[in-house]
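Chains here go by letter, A, B, C, D and E, matching the order in which they are written, and residues are numbered from 1 within each.
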Amino acid sequence: MLSQNKTTAFILGYRLYVAAFFIFLAAPLVAAGAFAFNDSLFPALPWQGFTLDWFFNDTEPKLGMFHDDRLLRGLYYSFVIAVIVAALSILVGTTNAFLFVRGNFPAKNFFYIMMVVPLVIPGVILGISILVMASDTANYAEDVWGLDLEFLRPGIFLVVMGQFSFITTITSLVITARLKKFDETMEEAALNLGASRARVLRTITLPFLRPAMIAAGIVAFLVSFENFNTTLFLVGSEAPLTITMYDRMAKVGSTPVLNAVSFFLMVGSGLLALVSILVQRDKTKQ
Amino acid sequence: ETLRLLTWGSYAPEALIEKFEEEYPDIDVEVTFSNNEEMIAKLRATGGAGYDLAQPSHDRIYAAQFEYDIYKPLDLSKINTDAMQAKLLEGVKENTTIDGEVYAVPHQWGTSGLMADKTKAPDLKSWGDLCDPQYKGRTSMRLKRTIILGMAYEMGEDPFAAYSDLEKYQGILDKVSEKLIECKANIKAYWNSGDDLTAMMLSGEIVGSETWDSTAYKIYDQNPDITFVPPSTGALAWIDTFAIPRKGKADDAAYKWINFVLRPENVTIMSASTGAIASVKGAKDLLPEDKKAAVNAAFTDADIDNLKFFANIPPGVEDMEGRALEKIKAATGG
Amino acid sequence: MLQKDFKRLTLYLLFAPFALWIILLIILPHIGMVALSLREKVAPRVYEFGFANYLDFINEPIYWNTLLRTGSMSLLVTALALIIGFPIAYYIAKLASNRTRGALFLLCLIPLWVSDLIRAFGWILLLRETGIISSFLVWSGIAGQPIEFLYNDAAVIVGLVYTVMLFMIVPLVSTLDGMDNSMIEAGYNLGGNGFTVLRKIIVPYAMPGIVSGCIVTFMLTAGSYLTPILLGGKNSSWFTEQIYNQFITRFNWEAGAAFGILLLLFTSVVIWLGLKLSGQTLANTVAKS
Amino acid sequence: MTTSPMFDLECINIAKSFGAFRAVKDVSFNIPSGSFFSILGPSGCGKTTLMRMIAGFEEPTGGDIQIKGKSVLGTPPNKRNVKMVFQHLALFPMMNVFENIAYGLRCNGVSNSEIKKKVHDVLERIALPDVAEREIHQLSGGQKQRIAIARCMVLDPDVLLLDEPLGALDLKLREQMKIELKLLQHQFNTTFVYITHDQSEALVMSDNVAIMNQGRFEQIGTPQELYHRPSTAFVAGFVGDSNRWSGKVKTSDGSGGKVATEQGLEMAFTAAHGETIREGTEVDIFVRPEFIHTVRKTGSVGTGEAADNSMDGVVDSLLFNGANSRVLVRSAKGELIEADVTLTGNDDVKPGEEVSLVWSSKQAMCFAAQGAS
Amino acid sequence: MTTSPMFDLECINIAKSFGAFRAVKDVSFNIPSGSFFSILGPSGCGKTTLMRMIAGFEEPTGGDIQIKGKSVLGTPPNKRNVKMVFQHLALFPMMNVFENIAYGLRCNGVSNSEIKKKVHDVLERIALPDVAEREIHQLSGGQKQRIAIARCMVLDPDVLLLDEPLGALDLKLREQMKIELKLLQHQFNTTFVYITHDQSEALVMSDNVAIMNQGRFEQIGTPQELYHRPSTAFVAGFVGDSNRWSGKVKTSDGSGGKVATEQGLEMAFTAAHGETIREGTEVDIFVRPEFIHTVRKTGSVGTGEAADNSMDGVVDSLLFNGANSRVLVRSAKGELIEADVTLTGNDDVKPGEEVSLVWSSKQAMCFAAQGAS
């Protein structure tokens, strides 16, 4: 409707461009997914026929992903890390939202910018800076007090902290945006109807924020799940999936089992994305 | 308890782990794949925690231990050293003893050298041949220290001897860098992992490359035209070892694993996966048939005599080499 | 008054997690990194305060060349992402019917579903000499022999543009979405042609979204690691790779920290310049998306 | 059909379908130069669609649009000399007032000095000489309104289209802008086509009003014609308040007679303008509250008009609203009838009081009932 | 001051400052049980602030608020039995209608079965028995309105506060809801305190109206009192339309006399309710358009009232607006005077016609001028 004065050729060209763009978007994923079903030891052409071995076969050399303990363990760690990061970052994202939408304190703008900053720090740098501080602290504790602060050594805790450090910005922004749309008179209405402050929070404000919290949680989960740059420096022996896959690719040699994992992840995150969309299509939009 | 291995890809085949866990039901094996640099970096960051057994190469232990104190001395009485080839054991002990304490024992050894598709590059024999214009755009190498050392030999230098005189070593590095920058135009890509090397080689995108012997053996399985080629100046030999991180928490399990994988029947399984030769007596005979064939296709006795074992890296060399490598990488060579 | 105390207490309770997060995970680590970068390694286990790591950077053209290269390629990627993404965002926000809009937007998010690693992996499968595209070209007779698309800067740029596209499109769609269609119609009605309307109305209106997308894109690109390494050719060094090398293969944390600070300064300056030139602020761009 | 160039805008059988849905159906009208023409209709009746076709944002599925006698069907919107004020004004927030007004001139390649002069002039004419450097968000609602008009008028359009431009303003401002718009139109002496669903806006400002319903024009006329001589029941009901009854004609001479409502109320009526109504026809009867006089039983006040309908009842309640006060009278049959009253505060009618309502048959407009209309 | 418990709500010298700004200044009033009380004032005059103090969302800086005779100053908002309907209703979108209404009951710990009964009852009373299971967004504007009231009424409040609840509705619906609100108040027989800046809302619905200006109450009274006997110039100007002149009193007996406007127009006046106006005083004179009769020179129509002011002029223009049409007459001195006319469509006055305007001195209200007021 906004291009009614354009020629049909122009519109056709535009449509073609859009189509080409989406092919561009899909291509590498399709490629990565498709080779999961190639009955070959290498994820490469030629096509050797269809197989599900890379998912379900239980013997080397074609060990399927569901029998590959290391990949499964990576998946498990990724999941655990992502869940913790999502939970923590929703929590802090929510308190941040309240802080910046409702709070009134000096230098609020400055602090708000500080909240956004982690998003524009390269992930590698977040990783190393946290690594450096954690090891320095741990070394100091060990040298001076003889304390062994093992949680400050690379491992799940640091990975969680590293990811949390920038994912919280994302969740904060999402939840803040939602809270800004909240009509504060709704809280006053609830108070007026006799609810205590705690009850208002529980029955009015948090339910209103819930779609944003869920959406933010899903984004946080996905971002954590796929994070590489920050995790790389902080990972200990409990490596999440991306690291496991990278190690596999770089140090062992990839078989189509990596494609199988990719395919599995695509389907999984696709479903999650769908959930988030269903959640956001909420009924509170008046 | 859990045994957390920090080791090379393929050094912990699933079959062997299962077997081990069957034998010691209360031990759970967890593996992290790594390489020399990362092993050190990791252990340095953790102060020697997080892992119970590491497998760096023999030349990478001394300096790392000296500078970062990341390993604990081995209790040799808990290791079945009798089974090991005395020469290898002594060599490793010599390289890894600090203040009278031994920090590593050998596991298996192998070489870095060349591989070539005999049908397409029958004349590829020396490190320098990778830069032969007749193979323009059809060779590859890994931009790591191995190729620097190989190329130094190629140019008539003895890099290991120069370790004692870092200024001289810098001179060699400069020369080699120049050569490698020149060579850049000739190669298709630097490989990063056994994986991309395999893909390029098998698909015929390249005809020859610097390689780990084990990778070459694996490819030999797929395509017997492709064999490992010990360079004319001698293949570079490494011994991957066992070392116990300073804050390892499962020393007993670690010792159990060491003794377990050195048992003859397990050596075969291990070698089938790694393509490397165990440091136990009679190891060559314990190789699985296909690997044996590959080794025989690759090595003559003369080649074995000509092996150049990696020498201990003194502190600071990594940094010098790193800089040289960056320079090569950054140079525009086409 | 009680009410006031309560408010104050709430404020403190809300401020605490924020402060802990920012101080412990952002500020202190960066201070630590600055401190570390100012240590010179003079001998094994012996360090002194000094600027050697920075001097080293300045004196070694390889380093700053790589940083400049990383920066300029990141700018290129950002520009390409904007040019390619803008029409798509416009289509989604303004031209697509209500129903397809959601679907298209969802499609845009697809790359987010998998990690960098898998995306790069996919591109490798497509671009390599014996990969899908080359094979297709040979098979269809367009090319006489296999063509290598991988291992060059173009491949890196394609891969990076692909990776960051989403972060460009999302803020663009959301600002364009907020733009009243009648604004565009008014542009035409008052005599503007397609180009004028684009230049004078749509682009200025979308500026916060454009800047937001560019900032995030630029910084993601400059900070990326896997894509340039996996798709890049023999000459393609990336600054993050050098940081990684300093830390991991050269065990030189001090230099690595210095490089990290330099990268951070560099991206900050570029972002700051971008904001100044476009007259935007961080608060009304990135903070809004 | 011949086209006479004295009309600034002429639409001939214009139609628009969206898929199967016909939003505008064969609408024809023409607007004399320099007049204020309104299109009044309920929400969704097709007003905006019609206007968008005139502006060139939608292509008609049939018919022709002529501006100054020339068909503009193939002309793209930016080439039509028809300017438009949008409902939410669509001022450009990233430009200041000056740039907003200058935009169209720049598109036409007018020189900078010329632009300065013209913008300055038009700002004077809308009585806002000092706002040129303001940002849009610094303007009040009424000021924005005027800038939106100035932005169009500076281009000297043949026709200015206004799509419910007062819709977003608050009550008081809307009242005020009504008058102001009319004055501006006088000043510029340009043809205004004004869309609204608020009858008071249409009535107060327009020279001519078209009543639109479900894609069709029901009637075009001056405000008074529409109000006093509606030609359809829809127009009678939509324009102004009315008491409305359904009934059946008892006796008729075609143009008037007697009718009985469903509730049994009898009254004399006049057939609506141009209609002929026979005996036995089902009809809708409309009587406006202001034409019903409330006559108190005590101390009757004579009215100057022929009041041939009369009905007794009891005052149910008074809706005091200053000058627009109304009395609700419950008839003997139980119906509530609304009549306007002037309450002076002294000795007014009171709830419970018995009154007579009287009105003239001329004011009882009758339309043959059309199914569910 | 003694407090009598017959008032549901009583405010005594209530005041509120925001920093140095005094939003509400010493307002005192009381509201008899069961009445409909409106607070009418221009935007920003402090209406909402006053109401928020009553509801407990703001603490007064001075004065006392008593509900049913008891001071509620220390009581938190959720403990006051004063319920409030918010401007945008503030219905809870994440709950359906039933849960919205049940919310307050649940807060009070009412049992489930009791809740069901009460919600059902209140829905019946607002004539929406079937909407319990609907989501809020499935309701029309008017239905939402009623649900918002039901949500409060189910709690049996002592006082219901309504802060411009019709502000967000469109014109037609607003007209309709005005009547409906009044009926609901009758039904529930609860004290309503209604805030608005729309005089017609206040006049139509209220038993008593307070006119608020700049934080103060100017006058409290019935709608008719305010309209016909405003006690300040502000009230006279704010409630209803008026012709307004500034002038000087020529002769006066204190409660009436002769005045001359600045333009030289002379007229008889009556001093506003309770004021005494002496000779020589500067005054503001207000005459409502509906009290000015337009007498045509041809065929004069007698009016029943004493019209002791009269002025000749020429019709400048007619603002046709159906029943609310108006004529603008330009006097010989060049002033424009507005008068209401009923335009029947037959033989009405026309622009250019010479007419006389006549009005009664009783309707010419005079206030001593107060500086810049």
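Definition applied: a residue touches a chain if its C-beta (ideal position, glycine included) is under 8 Å from a C-beta of that chain, and two chains touch if they have at least 3 such contacts.
The UniProt protein names, listed by chain, are A, C = Spermidine/putrescine transport system permease protein; D, E = Spermidine/putrescine transport system ATP-binding protein.
Remember, predicted model here, so these are calculated numbers, not experimental data.
Colleague: In terms of CA centroid distance, which chain is the most far removed from chain C?
Modeller: Farthest from chain C by mean C-alpha position: E.
Colleague: Please give the pair of chains with the highest number of C-beta contact pairs.
Modeller: Contact tally peaks for the chain pair A-C.
Colleague: Just how far, in Å, is the C-alpha centre of chain C from the one of chain A?
Modeller: 16
Colleague: Calculate how many whole Å lie between the centre of chain B and the centre of chain D, each centre taken as the average of the chain's C-alpha atoms.
Modeller: 90
Colleague: Report the inter-chain centroid distance for chain A and chain D in whole angstrom, where each centroid is the mean of the CA atoms.
Modeller: 56
Colleague: Rounded to the nearest whole Å, what is the centre-to-centre distance of chain A and chain B, using the mean of the C-alpha atoms as each centre?
Modeller: From the centre of chain A to the centre of chain B is 36 Å.
Colleague: Which residue numbers or ranges of chain C touch two or more of the other chains?
Modeller: 128, 130, 185, 188, 247
Colleague: Pull out every residue in chain B that's touching 2 or more other chains.
Modeller: Where chain B meets two or more other chains at a single residue, that happens at 192, 199, 203.
Colleague: Give every residue of chain A touching chain B within the complex, in rising order.
Modeller: 41-42, 44, 60, 63, 68-70, 73, 131, 135, 138-139, 142, 148, 150, 153-155, 233, 236-239, 247-254
Colleague: Which stretch or stretches of chain A touch chain E in the complex?
Modeller: That would be residues 183, 185-186, 188-196, 199, 203-204, 207-208, 210, 283-286 of chain A.
Colleague: In the complex formed with chain B, which residues of chain C make contact?
Modeller: Those in contact with chain B are residues 44-45, 60, 62-63, 65-66, 124, 128-130, 148, 150-151, 229-230, 233-235, 237, 242, 245-252.
Colleague: Sort out for me which residues of chain D touch chain C in the complex.
Modeller: 55-57, 76-79, 82-84, 86-88, 90, 92-95, 103-104, 106-108, 151-152, 155
Colleague: What residues of chain B sit close enough to touch chain A in their complex?
Modeller: For this pair, the touching residues of chain B are 4, 6, 8-10, 13-15, 30-35, 42, 45-47, 49-51, 192-195, 198-199, 202-203, 215, 218, 222, 247.
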